[in-house]
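Shared chain: chain A. Partners: chain B in the first complex, chain C in the second.
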Partner chain A sequence: MNNRLKVLRAERDWSQAHLAELLGVSRQTVNALETGRYDPSLPLAFKIARIFDQPIESIFSED
Partner chain B sequence: MGPRLKSVLFYIGGMLLLGFVSGLAGGWVAYLEASDPALAARIAPFELVSIAVLGVAGMVVALVASVRWMRVIDEAAREAHKSAWFWGGSVGLLAAMPILMMAVLPQTADWRLPDWFFGRTDPMAYAAMGAWALISLMLLGYGLAWAWWWWKRR
Partner chain C sequence: MSSVEDPKMSWPVRIGGLFFLGLAGAGVGYLVGGRMEVEDLRWDDALALVIAAMLLMTGVILAAMAAMRSSKLPPACGPLQALVMLIAGGLMVAPIWGPNLASPDVVFIGLVLLSLVQSVANLMLWCHADEMLRRVMVETSALAFWASQMALFLYAAAERLGLTGGVSAWGMMAVLMTIYLLASAVASMRRGLH
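Here is the complex of A and B:
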């Protein structure tokens, strides 16, 4: 899957570490999410959507 | 540091302490046995039971610490461990298959194996050596698979 995580994070000038702290995951997990090499679970996807205040479909898309 | 991580460290610390105290006790008993062979014969059965009890206690503590650890880490780290256990453990076992197949053939009956346990060549020692070899291969596979999982997602 593709995602706009990096773009959304950059718009808010957040570091990976800060986003990781907000999501309750490690910085390595945030990096893996941003590179598209790890797909989040449903609860984590909902959490991401809540933090960025956007619908899941606007953040994640199929390949 | 969250309370869950603290509890994991508590259990790991407990294991280390248990190992340290066991080592001290074992050294003290070995010293007593060396100075009094008659005493050594009398306490030998209790030694075996004590080692078994300590082994089980250590295993239980390690299991509890592992469960708590899996609950503390995030979902990606959990996936890494699950993937590493399946692929690394399976490939490690598969790597042992050719050796296991050869070991049951009569052509290998005369093969001389190194002794891993202080020169012991009894069946129990060789069985233990085989078990340790399998565990080592699985652990090696696990470590490599875990590192590969994170390296692919860096």
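Here is the complex of A and C:
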């Protein structure tokens, strides 16, 4: 699965640590999400969408 | 921006940290090795000691990371991971080295108590972990179970066929821990945890 997490985070000038804090996960998890090494659970995907104020499908897309 | 950024470690601090870790490792190695007949060491004891050293080293590194780079790990997970690793290392050393300090039954009681603490720490780690760390723990367990089961089956079959034999339960435990460590490394690297 692809995602625009890195772009969205950069647009807001947030660090990985800050996003991790907002999501309640570790910085390693944010890094793994951004690099495509980990696909989030549905609850975490919803949380990401809520934080960036965008629909899930505009953040995550199929390969 | 957040206030949870970790401070950058300077090179002198990094080199000093590595030097300290090396010194601590050499000290522990001297203390443990000095009380054992290394020439008479069986292969299972040697493997258990290597695994114990790796677990203890990982525990010390995790403890240092938890102290200096706490945002890299889920809250409370760093100290718990370090504790789990250090206890696991102690559990692997104690049956070999413990009788130098106390009688075998006292050592065994200590091992039972340590195992209980280890189980509670593992449970707490699971509760505090975020979803990716839990996924890594589950994948490690699955991979280690699959590989251990296959190794045990092949050994048992070879023993039944009269081709081999004589591996003690302690030897099997040392092999199991080796497999577990390898599985943990593979599962962690897949997620970029290294």
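The working rule: the second predicted complex is superposed on the first by the 63 of 63 C-alpha atoms of A that agree within 3 Å, B and C clash if a C-alpha of one lies under 4 Å from a C-alpha of the other, contacts with A are read in each partner's own complex, and residues count from 1 in each chain.
By our rule, contacts are C-beta pairs under 8 Å (C-beta built on N, C-alpha and C of every residue); 3 or more make two chains touch, one makes a residue touch a chain.
If you're wondering where the values come from, they're calculated on a predicted model, not measured in any experiment.
Trainee: With the two complexes overlaid on their shared chain, look at chain A and say whether chain B and chain C clash or fit.
Mentor: Aligned on chain A, chain B and chain C clash with each other.
Trainee: Is the number of chain A residues in contact higher for chain B or for chain C?
Mentor: C
Trainee: Could you say whether A:40 touches chain B, chain C, both of them, or neither, answering first, second, both or neither?
Mentor: In the superposition, A:40 touches chain B and chain C alike.
Trainee: Go through the superposed model and pick first if A:55 touches only chain B, second if only chain C, both, or neither.
Mentor: In the superposition, A:55 contacts neither chain B nor chain C.
Trainee: Give one of first, second, both or neither to describe whether A:26 is in contact with chain B, with chain C, with both, or with none.
Mentor: both
Trainee: After lining up the shared chain so the two structures overlap, which partner does A:18 touch, if you call chain B first and chain C second: first, second, both or neither?
Mentor: Touch status of A:18: second partner only.
Trainee: Shared contact residues on chain A, chain B side and chain C side combined as an intersection?
Mentor: In chain A, positions 24-26, 28-29, 31-32, 35, 37-38, 40-41, 44 sit in both the chain B and chain C interfaces.
Trainee: Name, in rising order, each residue of chain A that touches chain C in their complex.
Mentor: 13-15, 17-18, 20-21, 24-29, 31-32, 35, 37-38, 40-41, 44
Trainee: State the interface residues of chain B toward chain A in the complex, per the touch definition above.
Mentor: 73-77, 79, 150, 152-154
Trainee: Flag every residue of chain A that touches chain B in the complex, lowest number first.
Mentor: It is residues 24-26, 28-29, 31-33, 35, 37-38, 40-41, 44 of chain A that touch chain B.
Trainee: Per the contact definition, I'd like the list of chain C residues that touch chain A in the complex.
Mentor: Listed in rising order, the residues of chain C that touch chain A are 1-2, 4-6, 71-74, 77, 130-133, 135, 190-193.
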